[in-house]
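Dropping the structure in here first, questions after.
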Amino acid sequence: MSLQIISIILGSLTLASALMVVLSKHPVRSVIYLVVTFFFITSMYIMMNAQFLAIVNMIVYAGAIMVLFLFVLMLLNLNKEVEPTTTIGAQFAAFIAGGSLFLVLITALKETLILGQSYRHQDNQIGLVKELGNLLFTKYVVAFELTSILFIAAMVGAILLAKREKQIIE
Amino acid sequence: MDSIVILFISGLLGLFVGMRRQPLSALVISSLGLTGAALAAYFRGQYTSPLAAYTAYIPTQSAVVILLCIVTLLAIWGGYQRYRQENEHTGDYLSLVLFSLCGAIMMAQPNDLMLFFIGLEILSIPIYVLVGIEKGSALSAEAAVKYFFTGSFASAILLFGIALLYGATGSFQLVEIQSNLAIGIWQSPMAMIGSLFLLAGFAFKIGAVPFHFWGPDVYQGASNAVLMYMSTVVKITGIYAIVNVFGQIFRDSYFYWIDLISLLIVLSMFYGYITAWKQTSFKRLIAYSSIANAGLMLFALADIHNSNIFLFVAAYAFATIPLVTINEFADQNSDDLSNWEGIAWKNPLVGAALVLALFSLAGIPPLAGFFGKFSLLWSAVPHIPYTAVLALIASVIGAFVYLRLLMLALKKPEVQVKKALSAEQTIVLLLTTISSITALYLI
Amino acid sequence: MALILLPLIFSLIAWWIPSNFTRIFGLISTISTLTLSAVTVCYFKSNEPILIDLGLRFVRFSIDSLGFTMMLLTNAVFFLVFLSNFKRELVHDIRFTALALLMQFGLLGIFTTNTILGFYLFWELTLLPIFLILYWFGNFEKPRAILQFFLYTLLGSLAMLLAVIGLMHATNQQTYEGLLSADLNALGNTSTLLMGGFLLAFAVKIPLFPFHTWQAETYTKAPVAGTMLLSAIMLKMALFGLLKWVLPIFNGIATDFWRWPVIVLGLIGIIYGAIIAIRQNNLKTLFAYASLSHLGLIAAALMLQNGETNQIAVVQIVNHSIVSIGLFLAAGIIEHRIGTAELTGLGGIAKVAPRFAFWFGVLTFVSLSVPFTAGFIGEFFLIKDLFAAHNLTGILASATLILGAVYMLKAYQAPMFGPTKVTSFEDLHWSEITVFAILSIAAIYLGLSPQCLTDFVAHSLSQPTL
Amino acid sequence: MAKDLTLLFILALPLIGFAINGVFGKKLPKAFVGGLATGVVFIAFLLATTLFSGLHGTQIVKLFNIIDFDGLRINASFQIDALSIWMTLIITGIGSLIHLFSMGYMSHDEGYHKFFTYLNLFIFSMLILVLGSNYFVLFFGWEGVGMCSYLLISFHYNDAQKGEANSLAGRKAFIMNRIGDVGLLLALFMLIGQFQTLEFLRIGKALQDNAVLQGSALFFITLCLFIAATGKSAQIPLFTWLPDAMAGPTPVSALIHAATMVTAGIYLTVRSNFLFELAPATKDIIMYIGLATTLLAAFMALRQNDIKKVLAYSTVSQLGLMFVALGFGAYSVALFHVTTHAFFKALLFLGSGSVIHGMHEEQDIRQMGGLAKLMPITHFTFLIGTMAIAGIPFLSGFFSKDEIMAQALHHNPTIYVVLVLAVTMTAVYMFRLYFLTFHGTFRGGDTLKSKVHESGTSMTLPLIVLAVLSVFGGLLNLPGLFFKNAAHWFDHYLSHGTMGLDQVHNAHLPFTTSMALMIFASTIAIGAFAWAYLTYSKKGNIAKADEAQNGWERLSAQKLYVDEIYNSIFVKPLLALSDFAGKVIDIQMLRNGVYALADGVLNTANLSRKWQTGFLSNYLFWMVFGLITFVAYYILKLSVWH
Amino acid sequence: MQAASSIGTSLDFYLFVSFALFTIGAIGAMTRKNMIVLLMCIELMLNAVNLMLVTFSTYYGNGDAQIFVFFTMVVAAAEATVGLSIIIMAYRNLKSIDIDMYNQLKN
């Protein structure tokens, strides 16, 4: 029962902080709230015994990526800039669209086979590093190797785009 | 698989050569890489790849790989002109194209949604960069921004669909998904919504209405070289992927989607062709035409097992590439249609390639475009005859768009100014022209 | 095979011919094609169609006597077009020569192909050259006039494409004999729809009544050679398709359904075209409406599906080719030498150009289908059969005789006689006289002895096998 | 020579003349051209006389096969029988005379060779018409003479003043004839439908063998045949072309529009007598139409001032008379009048031609007068012609007309009375014409008078020959009261050699009645002569100017305004319809409709491109929107299905 | 089962959270004009997917989905890198990270 309560609290906090990401006027606050959101998500992973992912999520997302975001924000020195606002109409439309999207998704939940089913605790070791490592380097080794292309490409691209051209300096 | 390795290596090599400001060597290396990849795909049936023992492998048909390689080859040649002059980014451009092609090969005919997704990202991310490669241009930057955000948004949607499908079936393997779904998709709204999200993601990739918005803006912002690549390879890959994924997942029940597909087809074709009519920019025109062509491609989903999309996409690519090449030939820095006035008179090869490409796009026999359209319609007509009727009406509008462009290009100028094509452009135009005609062997 | 491919080869060669020799080249290539086909006809037995199978998947050729007739007609038309334009700028242009020869290839393909898809392929193949000819050599003020032609044509041919696909699906056949043997009546209403697709394409090409509005404008603005090609042979594609393909294949429910609608449209075309022609001020427009009237008659008669009618329809098809070449040539000569084909600006040409007046007069009478010309036989028997089908159709169709006299005589008299407005007019050149003479002789020969043609095509019409 | 060969020669000779003159005529000397043309026709006439003399029953000459279908076989074949040979004699005989006349008349014309080419072509077509053994060949000739008529009417299209009018007259004639042709065409279709053949003999035989044929079918067939006849023979309602056709050179008027072509309608009716005999309703129609025509045309002729127009209306009137006879079933009588009419009307036309030639193309009788002294031969022959047509006793017209009157009296006295009126008018206008032209004083001015001359031999010779024929033509078919043995020779000749005519017997009036009729007719003719002499010669009255005419005179001079009525009933509405269809329906509705549709579709581009706002947020919104639509649609579909 | 009692521990709760996250992310992407925030919203959406995948993975007792989540993170990292560099590049050109300023390409 305590698990239940913790889950509910975590879930609510996750959603609340996610909402704050969207709602806060200042981008830096958005970043902070996002980190908080990630933190809660990580804790949910732990609740589901997905330890490896929890660690990765913490390190990669909350750590690396979010720092990158902050870094870029600082680099562009935007914190003083007035946050651009959206018209009420557009907000309303977006809200309606989002709401209906959510409704639609909830419909998917309804009558689903797994509705109301609890965790299956009998095989809860899958989220451990060992299990996943096994899987990653046997069944998904091709995919794993191929991500190197992704990274190379992303790296090349990032450098290419972010690098200052000489002409611009001169 | 071997093709991917070859492409990756040549991409890396190209990157290093490019750093030494040797654009030609980079081009040669990339071309060799592409040729090697195509050959590897061709000979793949001759020996067994050691990696094939693993469950998650890439079962792509060699024909698709070869087509992709050839199209990319033509695209980099056709767009090379610019990079010879500004050799700053040649290596980057070429290697990014090659990396992206690796992704395309991965995702074109997947049997596993995970690999498919990774492939999709490998395909997309370099293109986000490529669109913005003209760093000094505001339009290019805007295009990159728009493409990146819409693209990642669509990726998220697609991913969500994959997740839902997994939730409904417990697997990423298409075969397993199919067998788990065999009890009936209508018992599982989750699977249904998942597939719809998937479909939306695909529709974004090929640029079908209403997921087409990125197309015109991004095409216009991108340079000709990138446009050539992305307007062909992305679409080919996208349609192959969707046919493959849907063909396997809904092996026996794909007709559930037919009315939605019909809607997409009709919307895309009418919207694409009609909007193309009033365009003043060549790239936007091509973009809207590609939206309409995406609609046509979706005909492949009407009868997944019997459809033959190869011909159509090949014809589409072989018609689009020369057109963009000619746009590059007309004016490197502007894509206004006024540059096209009387362009056929500047060079006979341009004239011939232009006429054939436009007629091929309009689907007039005996050019390749007709056979493509025919093979699509052939399988689709028994299933969605009324959609086919509407699509053909839209094709008439489309023919108008192409004929208008043709008339513009063929208008006899007061003073004839001759202009020479560069060597690569000549090769591209020659090859595409010949291949348009050699579609005759299909008769 | 060389029969069919020769024009294609010539058209490819044409691009490399220096412009000094272009017109000679055009003439020589059309002559050689004509000669070859004429020689082949001599060795041809009408009950043994020639089958040409190149191992292609979708296209096979077979030439029966009807095919041969149309083939000879095509080759002759092209020869005459080149000959008649021998003194014009047009044939000096490589592009025209090459495109016209390409079109000839397409037409020969249509008339000889043995598969339904092949029929569609060649049908569309002719579109490309005619578009370019119209665009390059016509004087269209606005592009939309050309586009109008293409709007109709493409709509029609795409409907046909659907019908072709549907037909191939429904019957699982693609060859002519296969389609003939297939039982389309079993398809019920589907066969009616499929035939409707074909008919739409044909109705645009022929053209039948509501689909004709492209015709007048296109004919008027096109270069004369283009108009000649369009009216003398391209429109016949549709009649040929009706005669050889659609009617035999869809014999049954579908033809029963479409017979009277098409006949009624044809009749409307006959009267409507003729009435409009009366008040046209431009010679070419007038002849365009006349063409609407004439072809409506043939189309209506073909729908009767009567063996004898079909044979006579072939005679009339040939006759219309003769007439339209002649008349449009005359209109072209006037336009070329005076600069206008508007009747209000013309008059008294006969005084300064007696030879032209004579030959134009002969052609006028040929088109009026006076006795001793092919048109007489054609119209007599076609109207006879329409009359036999229903008295009213016959009576209405015969209105073409009266109204035809009204507008043709106007078209002839206004520029030729009338008050003198034209004082200098270069009389006919030998090449033009030759063309006129050939046309007149052919018309008179067919008028006296139509039996030679009807017998020749009788076999392939009565027992369509290949 | 065998008969069939002779026949073919008769046909071929004009064709040869046509071909030689047509191809080489321009380079050949005029004398040769005219001589050749005249010669071939004359030789044909001689050959025809041999056929005539050796006539025995009916003979068919098959030349070749035109069309051979399963159900229908049409040959180019020709028929030798009494009727066809008689017509051949008239055509070639009078034809050669007129050719001869033309050699003189046309001698100064630049289109000399062309004229003879056309004339020979006409003779050929006309021969085909009368010699053909089936309706198809007849139709060939029928259309052929129409074409030649067109060519010859508009022969002087280059004339500075009248060129356009000439060509318009030709066009009018052709179109009017075409209307009749359509009637013939429809009749032919119905015949094919009924009999599966077009051969005269076989149709006649079929009717004899199986007389019980659908009455209405025969009615329609004969009606259509009669429509054809009205076109060719200028009957109401299709008669207006004939007066206009006088625009052609005068020999043409004589040959085509008086002697031969216009009688083709009568020939057709006589030839189809076996059909008409079974359709009494049509016969009544013919009779009344003929009656109306003869009366109205005679009335119109009363106040015409163009010498040729008078003759033209007279021709229409006489043709009407013949149709009255046909309406009574008196075929040989009608044909007898055809023959005599051919003589005297050709004579009159040639005479008028001679006058016009002498007067240098002046046709208005108000400019003439007193020509008797200037042109004695013309005057004399013209007088004979006038007397013949007016019915002065013992000239040819007297007998032929009298036969018709007798038939009328026999059938219906009222009609007789009406005919008497018409005949009276005929005598009146003919004598008026004669006196105004040849007596009194010359009104054309002195310069013209000094130029007026008698025509040459080639022109006067035919006049003399025709005058002789006009005088003695009546001998062919004398009424029974003169020479019992020789009487009714023509009746016998025709009825013995022509399909169907042997079944028909003309009514013969009793002696006293005939005598009374003749005396009455003679009185009328002589009375008219006397009146005209008194009015125009003694009192010196001249034709009034247009303005001075009173009511009926204007009505006559303006031809009862028939042309105007036709113009406003048929021509103007047709042109208006053409304008309406061409401009409103075709261009505004259909073409612009298509344009508007296309433009409408394409202009939606202006709207549709607005969708592409350029704002990323909007793009994302629409993507989400599309996604929701997808899912919502399927959820709805799902809930409807289950 | 007892739906009420198992709330929080049952899968559907996590799915609910995940859907909600996804929706919030989507709404954010549609409304926010700051490109960096926009990117963050998309990251939010990706995380929603991750959460869902992990949930399913737990349900099925199958590691595939967790591997997938791993790859998604990889992709997200790469995407973020490229995205941020694109933002920098764009900022250099237009001196703004307001997405509505990027409105040259339209119609």
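To keep things simple, chains are lettered A, B, C, D and E as they appear, and every chain counts its residues starting from 1.
In the analysis below, a contact is a pair of C-beta atoms (placed from the backbone, for glycine too) under 8 Å apart; a residue touches a chain by one contact, two chains touch by 3 or more.
Model, not experiment: these values are computed from the prediction.
Within the contact network of the assembly, the step distance from chain B to chain D comes to 1.
Shared contact partners of chain A and chain D, listed by label: B, E. Summarising the inter-chain layout, the chain whose CA centre lies farthest from the centre of chain A is D.
Centrality by Cα centroid goes to chain C.
Contact counts per chain pair peak at A-E. Ranking every chain by how far its Cα centroid lies from the centroid of chain B, the top place goes to D. Rounded to whole angstrom, the centroid-to-centroid distance between chain A and chain B, based on C-alpha atoms, equals 30 Å. Separating the centre of chain B from that of chain E, both taken as means of CA atoms, is a distance of 27 Å. Once the centre of each chain is set as its mean CA position, chain A and chain C turn out to be 70 Å apart. Chain A and chain E have centres, each the mean of its CA atoms, that are 5 Å apart.
Chain contacts: chain B has residues 114, 118, 121, 125, 128-129, 132, 135-136, 144-146, 149, 153, 164, 167, 189, 192-193, 216-217, 400 touching two or more partner chains. Multi-chain contact residues, meaning those touching two or more other chains, occur in chain E at positions 15, 22, 25-26, 29-31, 33, 38-39, 55, 59, 62, 64, 67, 71, 75, 78-79, 82, 85-87, 89, 92, 99-100, 102-107. For chain A, residues touching at least two other chains, in rising order: 86, 90, 93-94, 97-98, 101, 104-105, 107, 109, 112, 114, 139-140, 143, 147, 150, 153-154, 157-158, 160-161, 168. Inter-chain contacts occur between A-B, A-D, A-E, B-C, B-D, B-E, C-D, D-E. Contact residues of chain D toward chain C in the complex are 64-72, 125, 136, 139-141, 143-144, 146-147, 150, 154, 157-158, 163-164, 167-168, 170-171, 174-175, 178-179, 181-182, 185-186, 188-190, 192-193, 574-575, 577-579, 581-582, 586-587, 590-591, 594-595, 598.
Within the complex, the chain C residues that touch chain D are 144, 147-148, 151-152, 210, 212-213, 216-217, 272, 275-280, 289, 307-308, 311, 348, 350-351, 365, 368, 370-372, 376-377, 380-381, 383-384, 387-388, 394-395, 398-399, 401-402, 405-406, 409-410, 413, 416-419, 448-451, 454. In the complex of the two chains, the chain A residues touching chain D come out as 86, 90, 93-94, 97-98, 100-101, 104, 107. Residues of chain D touching chain A in their complex: 617, 621, 624-625, 627-628, 631-632, 635.
Interface of chain A with chain B (complex): residues 104-105, 107-114, 138-143, 146-147, 149-150, 152-154, 156-158, 160-161, 165, 167-168.
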